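The structure is given below, and queries will be raised subsequently.
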Amino acid sequence: MSGETQTQTQTQTGSQSETDHDQGPLASWTQGVISNPDRRSLLYRALFYAITIFFLVTTLFPFYWLLVLALTPNSLILGGEWDLPFLRPQGFNPEAFVEVFQQIPFHLYVFNSFVLATMTTIIVIVISSLAGYVFGRLEFPGRGPLMLGILMVSYFPPAAFLIPLFEAFTGNPIVAPFIGVELFEPPRLVNTPGSMVLPFSALFLPLSIFILTTFYAQIPDGLEDAARVEGTTRLGALFRVIMPLSAPGVATAAVLTFIAVYNEYFFSSIMALGNEPQQWSPLVGGLLQYQSLYSTEFNLMAAASIVGVLPVVILVVVAQERIVSGLTAGALKE
Amino acid sequence: MAQVTLNHVTKRYEDVVAVNDMNLEIRDGEFVCLVGPSGCGKSTTMEMVAGLTKPSEGNVHIGDVDVTTLPPKDRGVAMVFQNIALFPHMDVYDNISFGLRLRKFDKEEIDRRVDRASDIVQLEGMLDRMPDEMSGGQRQRVAIARAIVREPDVFLMDEPLANLDAKLRVHMRTELQRLHKELDTTIIYVTHDQAEAMTMSDRIAVLDAGELQQIDPPLVCYNEPENLFVAGFIGSPSMNFAEGELVANGFESEHFTVEFDPSQVPGASVGDRVTLGIRPEDVFTVDRVQNLSSATASIDATTDVLEPMGDEIFVYLVLGESAERSMEGETASSNQLLMSVNPDSDIQEDQDVEVVLDRSKVHLFDTASGQALAHGIEELPGPSAGTGPDAGTSAGTGAGEGTESPVTEAESDR
Amino acid sequence: MSAEEQSGPARESRRSGPLVAVTRWMENLGETGFAYLLLTPVFVLLGAIALYPLLRTLELSLYTNIIGTGEPDFVGLDHYVSLFTGESDRWLPGTSRFLWGDVAVTGEFPFVHVEGLLRSALAVTIIFAVVSVFFETLIGFGQALVLDQEFRGRSWVRVAIIIPWAIPIVIQGMIFYLMFHPSTGFATEYLANYGIVAETNTLNDPFSSLLIVTVADIWKTSAFMALLILAGLQSIDRSLYDVAKVAGASRWQQFRLITFPLILPTLGIAILFRTIDAMRIYGLIDSVSSCTVVPSLSCMVVATFGSQRGLASAIAFVTAIIIGIAVMGVIYQQYKEGL
Amino acid sequence: IYGDDGDGEDAVVFGFDPDSADDVGDEIVQLFYDNGLDEDIDVELQPGASDTGERRDNYETLLDTGETEPDIMLMDNGWVNVFIQRGLIANLSEVLEDDEVSRIDDEYFEAFTDTARDPDSDELYGVPLFPDFGTMQYRKDYAREAGYDDDDFEEWATEPMSWEEWSQITAEMVEESDANFGLSTQMAIYEGTSCCSFNEVLTSWGGGYFGGEENLFGPVGERDVTVDEEEFVDALRMLRTFVDGDDENALEDYEGDLAPSDITQWSEDESLPQMENGSAAMHRNWPYAIVNNAEEFGVDNYGTMPIPYAVSEDEAAQDGMGGTASALGGWHIVMNPNSERQEESLEVIRAAMEDDFNLGLLDLWGWLPPKPELFDSQEAEDLEPIGNYMDTLRVAGENAVARPVTEVWGTQSELIAQEVNSAVAGNKSPQEAAEDLQSGLEDTES
Amino acid sequence: MAQVTLNHVTKRYEDVVAVNDMNLEIRDGEFVCLVGPSGCGKSTTMEMVAGLTKPSEGNVHIGDVDVTTLPPKDRGVAMVFQNIALFPHMDVYDNISFGLRLRKFDKEEIDRRVDRASDIVQLEGMLDRMPDEMSGGQRQRVAIARAIVREPDVFLMDEPLANLDAKLRVHMRTELQRLHKELDTTIIYVTHDQAEAMTMSDRIAVLDAGELQQIDPPLVCYNEPENLFVAGFIGSPSMNFAEGELVANGFESEHFTVEFDPSQVPGASVGDRVTLGIRPEDVFTVDRVQNLSSATASIDATTDVLEPMGDEIFVYLVLGESAERSMEGETASSNQLLMSVNPDSDIQEDQDVEVVLDRSKVHLFDTASGQALAHGIEELPGPSAGTGPDAGTSAGTGAGEGTESPVTEAESDR
């Protein structure tokens, strides 16, 4: 059977080259590629791998540089003789990865970031799921302006939120804007996760809402209908059917939020008054501890950031497993 | 108590009226088939009963409760969707047990019911397949199983058997009927399969363009359609129509006449445009006429196309000078007549034949309004060609309101 | 009969209990009521954490510059006016301008004196946003398409592509800073040979720095795009491709007619948020170079934040308005797509 | 897991330097008790950010929002002035006893203490804890190869030399030794250039940004900007000469090509390793670098000298400028006006004013004493290795130039750094840079 | 030249063999229906022809070209998908014109073809609707239109009419046949509608469990099924089966016997277990037996359920002592017999009747292998109950290879 197939391909190719023999080799090769599915798919694969490798190199090279930095003793980093073509560590100092933990309790900073990011992600995903459902699947007056309003929150530089929030979180009374009337005294939140999770949640909410809105809008009504007839409420259908089916979107929103919060420092540096792990200072706060007044321990910063990236990478791997292609396949006949 | 009542229900989409002022009363435990052409509003009606679509006007009752604003989950309905709508992220078991798990049934009960349902739909070994690993028919069966495990008050089934083969369909038909009896549920069922509608339902509701045309037991719909639309829609192949005029001695169309006393047709008088309808199985070749006591005068025709179906043959006849051939036989004034004959007949294409109609099965409709005038007509009392002693039992009844009319009884007496 | 029977509509409507009552109440809300109910958490959170501070900040922008020196004086819109008249420029870092700088156009027409442009926060921000978002979209799309294929080692490639996004900005800054640092900067020499970056004082050269910052941003945030677009790609019903294939679509046509339109809403969101984010660039500039060399709009806010809080607040609002204007196009596109 | 903040409830919270707090925090606390602090008063050192700017922003928000903690904190002399002018920190003149105030007037480095005063009222807002002075450091071994000996070194240690002489010595050292270049200093676009490394050069040329010494801390808007002046341009030209002796703006009598062009991207971080790895012969830096490098090369091979000068104090164009000049760094203790434990805090401050406390810090962490006579004390000289360099440091301390910190300094320092940087890099001529800076600074002054 | 050939094609999914060693040769311009129970591999076969699924083994030719590795777009096929799969982001016009736009047809040509196709599927006014604004049937028609505008060499249609009502289906049937003639394309068509299969196709391919059972013209499949499976599958309601034994004077089952000369059955001998098959329309009550020349001896039975279908009535008969009732009639050894009678019959439920079988329509199968042994049997030559002069025309033929066998001719002679 397969022999037959082969002969056929050969004859095809043969006749091809015969007709083309007065063209240039490139032209005839192109001809061959265009008309010969085998060769064409080979070309596709080659192209595909070339592109993949290109992406790998470009994204990994700076990271490799980071690794090189981590392994080079700090004194050699700024004094060393770096040369291409092959960039390699100057000296070999894997102890940096240990020293990272000896100098400061870096693991605590990582833990803080992890907790903050997890809490924020949960809040953001829950709230933006509700909002995404509303904006993606319901028709109601005020939808457009509301979405725009939410989006507008992200137009502002984070600094614009900082002072009033900090005042409120340090327990100062809330003052009605422009009137100056004191309304009430909020609890003191600085140095607690609350003072970071709340602003993070608010600031990362718009992105998640918009992501989930697009994804939820794409889930066919039929599936929600089916769930509702089966006995769920609208919310039940959201959590049991729409969210699982939007897994790529939900996972992406979660990963984006998680990573952003995990690496956030602007708010946390203010809200954690003393940059101490006990005050919920995050990962970046820890990283900056390797800078002292006049010098920066680049190798430790590099090592620490590699250590800090690991949990995220693991998380992403896990979250990505949930992203399965063609989730709605086989659901509908329409 | 699960009668389903629709009161003046209307559903409008932007520019389309999907359902128009529908009044429908389905009794507790009744099995009603909704039939009608594609896009006539069947699915929309079902969705409104299920609570998935809010009626633009009117209200819906299930049992004694006005459920118009009740969410689907509180209506006690289960539905098989026309588009199947399996949960693609769940395997077959999870799909089927979804409703039960929501209601916190205990594991054993769920297993028991899922087993039973998957047995009914013949999917026993497939409980751990994902929807995208199944064939179209298998998916549809999962959808059916998902509805039947619920054992609800009201079943809504939107073409549940469309993707199943004939044999399985017969099996499912009996299973559904058994279920209907066992659970004593109300079933509203959309189907395009006439056999299904005829055999399963207590009553058939015929819809057209969002409006209810007739709701009656199957044989009433078949034998006493209330109007041209129902007559043409019920029965496959559909009824032959001939447009003509009521004349002094009966009906006259371009190609043939049927003699009777026009005065027996209530609500119509000589000179009116009427349409005569006759089903293919009530057209006979003259050589078979000895079986028939109420044959009309014979009509000259030429056979056109033969369609052998195995258990019968459809013969397309052209009346008069065979002009252009059309296999559709849709327009009432066409010169075509479809006849169904025994597969043993030795009828050939392009053969001249004489056919007669079964006078007792002739339907008359008002051409303009489409309303039925008479179902079955008696011979002209004067000198006639009739022979049988028990000919023409019943005069036409008007468009009687969906009760089992005496005609049916009378007819099945023969 | 069965348990199900008990939950017929009649029974159901009589069942009580607070939870049931609440659920029923929610289910019975009209679309609008239900929508607003579900949006309450968003309103509460954004109201307290975003709206309230913004109003306070807006209030602040109407008062005198220097905080701490007695009661603030009301100055109305002075800050805003001074921003546009260039009067506030002296408060801005280095020789930056807030709006268009004095752009020097040299003799030959297309050659605009780059220094002038690169001293303007608005110009820098817009150049940075346009260039980085453009390349991020392109590269992110490419990466997403690669990741959407089935091949061995895909999950590793995926991790590799996401890694940059997981790296904190400080470290990202450090990586590129050290690449072009005079002592360690192996990259400077190579690129300077081609005239891409300045040979010496690279990180203090506005054009080189902007370029480096832009590249660093593209390196990191392409992954953001890739992730979002990938999610969009994976949500497309595969059977549509079957149909398209049988209808005779080549790969390119499948992409153009199926993938692209279906991914468009997601792509729009990605571009929208990337643009907004790019227009708020600050941290990267700060860690690779400095606001003095490469001023951006957010730089201006941060630079004045310590001393001129009223002015900083005004800049923040003007920045927000500029961003709003800049993303109007994207929003309109999304709106047409029905979002 | 962080529910319990420990025993911090009643303690005086002291916003402190992170590195020392981590390493010798307990010893420092003990040092307070050793110097008379009541054992009933708990002290909790709360480490701040290591980055000075960041710590400043942090304290600024804390104080601005009326936080009660930390009760006292360390403040860089470079930015304490801003806090004073904004009224964010407590006026210590009011709360300290008069004799304590006069002790500070008498015993402490004057220039250093001045940075903790309100320039208008001269009232004291901070108690100096430790100063930092820029010095010129060099490799004695390289110098020996160029033919200099310990006598020269001894002289250099306390007698400032002129830039001209210095450039010749440096050129010789590079010539004769393994050094790759002469000077490692900081000329990046950052605060350090404007406040310190360039400011030293400018002062040594007799110039200042805003006229004489009296205008350093304002009043903003009422002082002249004196940047577009000969001495300023000359200072830049000299630096340009060091980088590129062939530049058209190079000064005649100076040896050129002493520093790599990379200094325009160096801050302390990058310049120090060039000294450590033996590339540079001379190095301008803070005392921490002395400690670091003396340990590396041994005190015999590492020397210090005051920053060279070009114009003597008498000939200086601006009042109080000229001669050798060391940029003044260092930290003060200031008090949070909202503190709920003012009394206890004052007790802590008092303990920190004890001589033994200052010496204790020098011992523990190498922080210089804020008082001139402690520099000469035997205890100080006994400390290794820093004790060997006390002479130079004392000269430096006596000739310290404070940063001209006002509420607009942040903006101005960026302008200065940028213009200086481009002139040194050769992107602009010194004259151009001076003109641009002049108008830029004038804008900020109005 | 668009014959479609499958050579030893097998398709395996992880644990399922969807198609097993299939050899199928479809001639250029032929209209072949694939039928078979749900999940038997019809869609999979279509997908392999279209190129959407690669066969695990074997190869596929279209025309003279081995297309096994050719991408779908180069195969010149158009397909109507079982799951419809409209492009949700395109309106009806764009959906239909998709393939044409890909091929850069000019605007007018596209408009012309789309108009024509939407006309055929009766969607004229809906060209600017979006898929989610249409009913199930309307969507399916869009899918059909999308395929037919292409005018390809090979049409693949997977249950294209499943969601259409009977009337529209008849219309579509004729339209598709016309199209088939006009374009002279090869059509492979999956349907569960027996009427469709019988009327439209040149040949019917019957599949079961991934294997081809028979491919023959419709009437051959109907009248001479090659095995028990085909016999039971083709025809609705399906054939009655009675399991029994070949005895000296014919066939003997638990409930009745049919007398004939066992030697006329080739390949079987007395004592073999055989299964007798008889279609419902070949069972008659004795009072109608005068029409039948080849009736068997009468069998006692009781009527059970009646299913009136309008044009006929299905009568479920219980043979012998009516034990448990089962409406399914699936197992060959059941005591049930389904009979179809004229709607005029006065038959009642629970009535004792005597029925006869049409001997010439009796099928005999080897019970073990399921292979057909004979189609129609002659009377026992000895003393017999036969009356008609032209009884039992033909002896059984073996499982003849799908040619129009003389049996058919002989039968239609009557």
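Just a few scattered comments:
When the chains are written out, they are named A, B, C, D and E in that same order, and each has its own residue count from 1.
As a convention for this text, a residue touches a chain if its C-beta (ideal position, glycine included) is under 8 Å from a C-beta of that chain, and two chains touch if they have at least 3 such contacts.
Which protein is which chain? UniProt says A = Carbohydrate ABC transporter permease; B, E = ABC transporter ATP-binding protein; C = Sugar ABC transporter permease.
It should be emphasised that the depicted structure is a prediction, and the values quoted were computed from it without experimental measurement.
Fewest steps needed to get from chain D to chain E, stepping only to touching chains, is 2. Number of steps on the shortest path from chain C to chain E, with steps defined by chain touch: 1.
Between chain B and chain E the CA-based rotation angle works out to 180°, given as a multiple of 5.
Taking the mean of all protein Cα atoms as the centre, the chain whose own Cα mean lies nearest is A.
Interface comparison, A-C versus C-D: the higher count of C-beta contacts falls to A-C. Chain A and chain D have CA centres that are 43 Å apart.
Computed centre separation for the pair chain B/chain D is 98 angstrom, with centres defined by C-alpha atoms. With centres set at the average Cα position, the gap from chain A to chain E is 55 Å.
Contacts with at least two other chains are made by residues 77-79, 162-163, 220, 233-234, 288, 326-329, 332-334 of chain A. Looking at chain D, residues 57, 64, 270, 273-274 sit in touch with two or more other chains.
In chain C, the residues that reach two or more other chains under the touch definition are 27, 181, 183, 237, 239.
Counting only pairs that meet the touch rule, the chains in contact are A-B, A-C, A-D, A-E, B-C, B-E, C-D, C-E. Per the touch definition, chain D reaches chain A in the complex via residues 2, 5, 15, 17-19, 22, 46-52, 54, 57-58, 61-62, 64-67, 69, 268-270, 272-274, 276-277, 279, 285-286, 288-289. In the complex of the two chains, the chain B residues touching chain E come out as 13, 16, 35-39, 42-44, 82-83, 133-138, 140-141, 158-159, 162-171, 174, 192-195, 198-199, 218-219, 222-223, 232-238, 279-281, 307-312, 314, 327-328, 330, 340, 343-344, 346, 411-414. Residues of chain A touching chain E in their complex: 1, 4-5, 8, 37-38, 220-221, 332-334. If you check the complex, the residues on chain C that touch chain A are 23, 26-27, 31-32, 34-36, 38-39, 41-42, 45-46, 48-60, 139, 142-143, 146, 148-149, 151, 155, 157-171, 174-176, 178-179, 181, 183-186, 190, 219, 222-224, 227-228, 230-232, 234-239, 251, 265-266, 269, 272-273, 276-277, 280, 282-283, 297-298, 301-302, 305, 309, 312-313, 316-317, 319-321, 323-324, 327, 331, 335, 338-339. Note for the complex: chain A touches chain B at residues 220, 222-223, 225-234, 236, 241, 244-245, 247, 326-334.
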